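Everything on this sheet refers to the single structure shown next.
Labels run A, B, C and D following the written order; every chain starts at residue 1.
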Amino acid sequence: MNFRFFTSEAIRTLRRNSAPSIAAFLTVMVTTLVLGVFIPITNIATGAANDVRSRLLVEVFLNDNATEQQVAALRKKLAANSDVKSVTYVSKEDALASLEGPLEDASEVLGSNPLPASFQAVPNDPDQVSQIVASLETTSANGEKKTYVSPAINDVQNREDETEKILSITGGVKFAMWGLAILLVLTSALLVGNTIRLSIYARRREVEVMRMVGATNWFIRWPFVIEGIFVGAAGGLVAVLMLLIFKQTIIDPVSDKFALFAAPETINFVNLTLILMVAAVGISAAGSGLTLRRFLRA
Amino acid sequence: MNFRFFTSEAIRTLRRNSAPSIAAFLTVMVTTLVLGVFIPITNIATGAANDVRSRLLVEVFLNDNATEQQVAALRKKLAANSDVKSVTYVSKEDALASLEGPLEDASEVLGSNPLPASFQAVPNDPDQVSQIVASLETTSANGEKKTYVSPAINDVQNREDETEKILSITGGVKFAMWGLAILLVLTSALLVGNTIRLSIYARRREVEVMRMVGATNWFIRWPFVIEGIFVGAAGGLVAVLMLLIFKQTIIDPVSDKFALFAAPETINFVNLTLILMVAAVGISAAGSGLTLRRFLRA
Amino acid sequence: MGSPVVEFDHVTKIYDDGTVGLENATTAIRQGEFVFLVGPTGCGKSTFIRLLMKEFEATEGTLMIAGRDITKLSRDRIPFLRRNIGAVFQDFKLLPNRTVYDNVAYSLLVTGASRAEIRQKVPHSLRLVGLSTKLHNYPDQLSGGEQQRVSIARAFVNHPPLMICDEPTGNLDPETSLGIMQLIYRINRTGTTVLVATHDKGMVDRMKRRVIELKDGHLVRDERAAGYTSEFNAYAADLDPTNEGELRAS
Amino acid sequence: MGSPVVEFDHVTKIYDDGTVGLENATTAIRQGEFVFLVGPTGCGKSTFIRLLMKEFEATEGTLMIAGRDITKLSRDRIPFLRRNIGAVFQDFKLLPNRTVYDNVAYSLLVTGASRAEIRQKVPHSLRLVGLSTKLHNYPDQLSGGEQQRVSIARAFVNHPPLMICDEPTGNLDPETSLGIMQLIYRINRTGTTVLVATHDKGMVDRMKRRVIELKDGHLVRDERAAGYTSEFNAYAADLDPTNEGELRAS
């Protein structure tokens, strides 16, 4: 394969018959741009959702009169639970110290600490919160009053409503984001393929003539593939440059605002660039090569 | 203008030379689909963000020894503030009743109510929270210790950190969503225009011949515009049908899950359909008519 | 002889790349004339014709058609100029996605002709060029000569006052060429001014009409043949314009 | 006379719409022959030629080129068949986005010719058809006859063993036509088998070569002219193939 010749052929087409190439370029650029904006957003959104989820935990409040053995046994039991990632002990003093505002003042006035000690159990997977709670409860014979597996337990709290709401919202966000991301990626591939198809269609007579003077299919196809690589690379590059400018002039100045939630989890710009460029070039080149097959068959 | 003739011309093109029309149809369909998925998501997300924001308020805790006059004056003052939408009085008893869990038990044991009464001021605009707080504060002569405009005030709380965080996150979500929505709308218009341009480019020889036998520009253009309407309507319709099927088979069954946050604020499906159809047909028809101008000029 | 239909006044056409298409051409064609445009390949015949169709602008000079300066014609009026010129293009210029019938009908449609008029004129015109059986074929289903005849049928279907034919018989056998020339002659006899660019020396010699000869863009000869209205008229004598016969069955 | 290069054995081509392009044609063309293909417009000349190029399949019969049945040729091998046939197409089939030079060079490029070979052969070939000054023009900047000559130059640039010309002089004036025919004749004398479809009766009569006549898709005549190798040879006698002159300066 004569690479230099095919490349010069591709360049010739780009210069003489540029309308279809420009259309393909625009499509690649625009879809890359959308993906380039959307991938970090998906990233931030799912990152934020995961962040919120990771804060879910089960609070096991202890009776003030629980014995040390009972507390130690409970801790062992919790730690042994395969759904539990880690267990932290919060003493009565710690609980009081974490209170703020008028309540704090109030307890000072009281002179005694009304808050109970507790274990805070972090689940491996936020969805397992309710299982951990269930593992600590037993239902008494008459099936009415909830009792706990350890006499040390005064109450088990996982803020049921809130947990469910958080799981639902974050789940919804992740579902929507992934759905949209998949939709956008498929859409981009389809749109780029579609434009390439049309741009080759616009040159079908030329392809016909080439075949009539004895060009093999690959001889016709290579320049199209190389042109596809050029167009894809150019479209991808312009999109990436626009993203970079956008990032530096709009996002970075206000990034404090965004840093509050999940900025550090955003995909690395270099990686993003690489992914986008490879995708743009790949789809564009493959699209050119594959689409041509239809016109080479007849 | 002979509408029947131009329509039959458009249909002829769709049948004989369908590749460019199919490409335009696909582009319209795919972009409409993306917008159709994205518009409700933008809606939900900004709705949820607004929902969260609307819960922000300023809590003004009162001294237990404040006189009735002082409290009444403070209420008047708050109500008179143009940034404040509504003011609610929460008595000590109400405050206690709203407490749950072990703290509740604890105060029962105490026999006295440590919680202060408060005013809850809802701002007109969540961003004005800090202004409301500022309007209640005065800085004493030495500029160090915060004092309040009314002796009835013990403390003013707007959970500064949390408020800022909420404002930042919801602001970020709204910004991102609107940005993406605008990007997608512009992108869709550009992609559809681009495809139409290319599909007319593929037929430029035909347009040239028409001009050579004495067709006026509008005589050439009408069939393209009508074809654009057909293609736009078909693309829009298929996209809307796909959205409907998607909604009924995937979204509706799990809508309980989504109902938890902001389902009722989602855009009405009929309205969405109308907007999408009008946009698809409009862009497609206008695109055909306008693009042709370039080829009619030479 | 009537008033001038076409007037070239020192017309020069230089293409973008500097090629001289036509240089300083001055001539006039009167109403009802039959003029041959001859010359070696690349001498400027098509340039001459394309200037008349206002396919591009003259670089210099004025070009009048029916007394109107078409170099000053606004863009909106160009279609109306072209409707009054029946043109046979060297490369046919057929619409690839229309049948033979629809290609010819298109010329009438642009003028806003009624359906009845189209239904009557189109088959008649195609019958005259001998294509009655190919009405519903597309151009790519026709032989070269058949395509050329569709182009001819389209050119005269709406009875234009001026007919311009660029190499109308290049893809036709001698017998069919003669038939087409007889047809064009008959059209001319009904009052249509006719300009035919051709390489068919035999035909030009035989028909003894006015001949404009170009060479390298220059007008080098413009003369009426000696035996004017003699031999070819004899060929066509029995063909009365009101009683037009068919050229060929298929 | 050499071995058969082209053999038609009861070949029939019926188009999709039922039109008979060629019916039950049986004939053979031997190596080194010069054959004219004549007949009225629409008789099947182009069909005959397009079958040889395998532009479409024969409906029935076998078609051999150089002893190989091309009706059984696999799709991958078609380009190699076409490289061995220099073809002049009735509609020229030039690549619109390539200059004259590059159009001719493309025929060599597909065969993997070296740059040196291209630089030598392309200008030579274009000089022979009289287009030395238009090397860097694009097809839409050429007159009809110039385009036709580019197509001819492309056909013989890589010295194919078989040359097929469909109406190669339809857009050329008589003088240039004669030059082109002399050129084709000279190419034939170097051993190339030549098939020319034409309407130029004068040329066919003068050259006195074998003539295959078609009518409505049927082979109705296949004869060697009486005064074989007489008159036209006299025309071409002084033109030695090793000493090829230019056709025309511009």
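Things worth noting here:
The working rule: a residue touches a chain if its C-beta (ideal position, glycine included) is under 8 Å from a C-beta of that chain, and two chains touch if they have at least 3 such contacts.
Only a predicted model underlies this, so the values are computations on that prediction, with no experimental measurement involved.
Common partners of chain A and chain B, by the touch rule above, are absent. Among the remaining chains, not one touches chain B and also chain C.
Placing every chain at the mean of its C-alpha atoms, the farthest one from chain C is found to be A. Rounded to whole angstrom units, the spacing between the C-alpha centres of chain C and chain D is 30. Averaging Cα coordinates per chain places chain B and chain D 69 Å apart. Inter-chain centre distance (chain A to chain D, centres taken as mean C-alpha positions): 64 Å. In chain D, no residue touches two or more other chains. For chain B, the set of residues that touch two or more other chains is empty. Under the stated contact rule, the graph of chain-to-chain touches is a ring, a single cycle where every chain has exactly two partners.
Two chains count as a pair here when they touch; such pairs are A-B, A-D, B-C, C-D. For chain C in complex with chain D, the touching residues are 15, 17, 19, 38-42, 45-46, 90-91, 137, 141-146, 149, 166-167, 170-177, 199, 201-202, 216, 250. Put simply, chain B touches chain A in their complex at residues 19-20, 23, 26-27, 30-31, 33-34, 37-38, 41, 44, 48, 61, 101-103, 106-107, 109-110, 114-116, 154-155, 157, 164-165, 168-169, 171-172, 176, 179-180, 183-184, 187, 190-191, 194-195, 197-199, 201-202, 257-258, 260-261.
Here chain C touches chain B in the complex through residues 53, 55, 76, 78-83, 87, 89, 93-98, 106-107, 109-112, 154, going by the rule given at the top. Considering their complex, residues 2, 5, 12-13, 16-17, 205-206, 208-217, 219 of chain B touch chain C.
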